[in-house]
Every structure is written in C-alpha cells, then in structure tokens.
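Read from first to last, the chains carry the letters A, B, C and D; within each, the first residue is number 1.
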C-alpha cells in the first residue's frame, strides 16, 4: 500500500488567504479554488465581484494542475496548433484547463494539491495563484 | 430594473464558520457550500474527512435551496411516490436536491442566498446547515 | 416526404401571454417555456420572482410533452413504483419530466408544440400551462 | 450583504424586441437570449427560421457576457492560438462562448444582465445584439 501526503483544510485556507491578499492588492476580485492531490475540491472562494463564469474555471484549473502535476499554462504551450497536445483543451468534458492560473502545490517535489484562480487576465490569475502558494510555503 | 439584496463573501464565511463549529461538535466532518440568491456558488469547504461524493451534493443543495427559496427536505416530502412532485429529484441533470441539508438564507422573508451541507445523516446535515444560518443571524 | 404543422413564434408568444396572465391572477411568478413539435425551444420567460431552478424544469416539461405528445403528469402516474414506466424520470439525463405542468399543444388531435410551466405547486403549474393553451385556441 | 441592480422581465422584453426588429431589417431570423446579471436565463426567442443549433449558443453567449462582464468577441481575440486565453472556448462544459454576439448590458458601468444572439454571421449577431441594447437604453 501507499501513503499519500496532501493538503489539509487549514492549508487550503492559507492558500486562499494568500491569494485573496494578492487579489486585493491588484484590485481584481477573483475566484479561487483549492483541491487535494487527487484533484478533488477542498475549498473555494468567489470574492465579491469575482466572475460567475470563473467559478468552474477556477475549480477546473486546480483540478487540472493537481491531477496532472503541472501548471495549466504549460498545457497552454503544449496544446497550440501543431504542438503535441493540440486539442487537449476540450478533454474531460472541457475540464482540462490550458489557460494560466492553475498550479500544483509542491512539497519536496511532490504534488500535495492544486490551486486555481480565475477572473483576471491570465497573468493576474497566475500571480494570485502564486501568492497563495507562497503564503503556504511561508507557513509550512 | 430590479434591486436585489444578497450575501457578500464575509457573510458566506460566517455561514460556513457556524456550520463547521457545529460539525466539529457533532464529530462529523462535512462538506459545506454557500451560494448567492441566484444559486451561484460563493464559498465551499470540505472539512478533513468530509466525503468526496458530498462535494457536488452540498453545492447542489445550496443551489436548490437558494434557487427555489425552499428547504431541500420539503422537496423530499413533496416528491415521495404518489406525491405531486414525484420524480423531481432527477431534474436539472440531477442538481435538484430533495435530501435534507439545504436551506435558503432568509432576511426579512426574502432569500438572499443558500447553504447546503452533506456528509452526515440528513438530520446531521440539517442541524449543521441550521447552525450556519444561526451564526449568520447572530451577526446580522 | 412529410409535411409538419407546428407553432410559429407568434403562437408561442400567445401561449406565454395566456400563461403569464393566469400566473399573475394566481399571484405566483412562473417560468414558462414553449417548444415546437420537435421539442426544440422556441420561447421562454422567467417572470420576476420565478425560480432559477425552474428554468430548466419548465423547458424540459415542454420538451417532454411535445416530444412524447403526452402531458407530463401522465408520466407521473405511469412511473410510480411498480408501474410500467418506473424509473423513466431520470431518462435523457433527467430531461424526461414526470411532474405536472407540461402539455402538448394539440390541433386536430396532432401535437404542434409543447408548453411547460414551473415555479408553483404542480397544480398551479398545470393551471397556468392550460391557460396558455386556452389563449392559443381562442386565437386560432 | 450586497445590493445588486438587475434587469426585470420588461427590460428583457425590450432587449429582445429591439433585437428582433434589427433581425427583421437584416432579413436574418435569429435566436435571442437575455440573462440577468448572474447569468441566469430570463427570456428567449427563436424567430421563425432561427437555427435550432443556435438556441444553446445564444443562451451561452448571454451567460458568458453577463457572467464575465465582457463581450464574447473580446474572448475571441484573447483566445486565438498563441494568445493568453487560448483554450478557454471549451471551458465550463463548452458554455464559455468566444464567438461574437454576446454583450453585457451595462448601466452606469455595471453589468445588469446579458444578451446573446446567434443564427447569422458573427457580424450580424453582434449588430442584432447591439440593437437590442440600444432599444433598452432608449427606454431606460
């Protein structure tokens, strides 16, 4: 059998707290989702003014990053026309996200969860997700 | 045009906080979801040990209660074999929840959001959801 | 080849207008949908205060009634435990509605469309849908 | 709590009326959908000859525009190969529309709803949606 290390709900709250702080600093209300290492939703927050359409996108960015152990923008590069993963964006009923803003949460090189952010530009989404991860690493 | 009053994200956090406290008191880790009055997800928490299968159920209980302005267990009664709403449980792709644990959040008799809880027995889910609503009303 | 007679959009507006008038008389804001005889949506109206959860239900009641050429409450009877159509409520991804409020629109015994109503009790939904059909027949 | 202003059903009818008039002027029958600011469907009209395949597209254009507070053709530009939002078109089970014809309805710079049009070329869809919005602003 296998032992798995994953985020607990207090870790998820810290990830979201760090992301919210950055979103407030940028002045862009965001949807923020955290999944465990199995890609299953742990926590979600739609800040006041965050986009309704970004709810599922944030959840699916976290799902993709945790499940595939890869940042979603890496899929963005790999799925361009002519690239090897072209067409992957519509996989899993559209849940496989290739737009930036989803990252695996890594500890000792292993994915212990994922964070996904949506409502801003991809650059803003990525910065906010990274701020969540930084808050987590400061705490751990 | 119409003016509508709905929960903000700090209200949602208070609803979830009250529910988590009750779940801890009962010793049953829960999935807890809060939607706005339009049924759109605002916040979600899967406590450590909450059931993965309860994630969607909690979200859909909150959606049903907010959207229909009715507690989900009321649908449970109305949808028994021979009752008028028999068969409603599979509506909206199965999102229409008739199991107890979903309540509209009412202010001055109007729905301003919904809370949905899942992972325990329906009685436990209902008690935890009500504890969330009580915490909200203490605060408001 | 076959020639098909179906509602046009002005017929659909008359059906919805008759239903809205009855809903106002009852004091129950409703979701009202009209489909053509192929079950495809032609017109939809969510009155102010109509339930968000009733949007899909009204559309699917009209779809079921038009497509099956049968009132949805007839399926309610036929799908009770032990009855021949038991379990049909979850067919077509849950679109097959067995709760009252959906009727085929019949002309000379042939279905030319369907109307579906949701937000009240099944009895209210049925009365409002029938009022729509009566308005249509007065006009034709 | 938060107070939100949104379209009422008479506003939705004016939006659709303005769009239908323009569609008739162009000689192109259209599917036209209006949602509230939460992206929930309020009203829909498939003009005689409007495409059956455009029903969902019109509804999802309105949903996208209202929920993201952005015109759908803006996503079309941002989601081209190599652009930052490449791949977003298949998000939310394919509901995120990047083809022109969806606009938020703005009052004092805030989204109070959305309109989506489909059945013509994207340019025609956009012109018809804008005509709906113009009719609304003349009235308000």
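The rule is short, and it goes like this: a residue touches a chain if its C-beta (ideal position, glycine included) is under 8 Å from a C-beta of that chain, and two chains touch if they have at least 3 such contacts.
Everything numeric here is computed off the predicted structure, so don't read it as measured data.
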**Prompt:** Looking at where subunit B touches subunit C, is over half of the residue numbers used by both copies, so same, or under half, so different?
**Reply:** different
**Message:** Contact counts by the stated rule: is the higher one at A-B or B-D?
**Reply:** B-D
**Message:** From the mean C-alpha coordinate of subunit B to that of subunit C, what's the distance rounded to whole Å?
**Reply:** 29
**Asked** When the C-alpha atoms of subunit A and subunit B are each averaged to a single point, how far apart are the two points in Å?
**Response** 25
**Message:** Centroid of subunit B to centroid of subunit D, CA atoms only: how many Å?
**Reply:** 31
**Asked** For subunit B, which residues are shared contacts with two or more other chains?
**Response** 2, 8, 38-40
**Request:** Report the topology of the inter-chain touch graph, choosing from line, ring, star, complete and other.
**Result:** other
**Prompt:** Every touching chain pair, please?
**Reply:** A-B, A-D, B-C, B-D, C-D
**Request:** Would you mind writing out the residues of subunit A in touch with subunit B in their complex?
**Result:** 8-9, 38, 40-48, 52, 55
**Prompt:** Which residues of subunit D touch subunit A in the complex?
**Reply:** 2, 38-39, 63-64, 66-69, 81-82, 84-96
**Request:** Under the touch definition given earlier, write down the residues of subunit D that touch subunit B in their complex.
**Result:** 1-8, 11, 36, 38-40, 107, 112, 140
**subunit C residues touching subunit B - in the complex, by the definition given at the top** = 48, 51-54, 56-57, 60, 75-76, 79-81, 89-90, 93-94, 97-100, 121-123
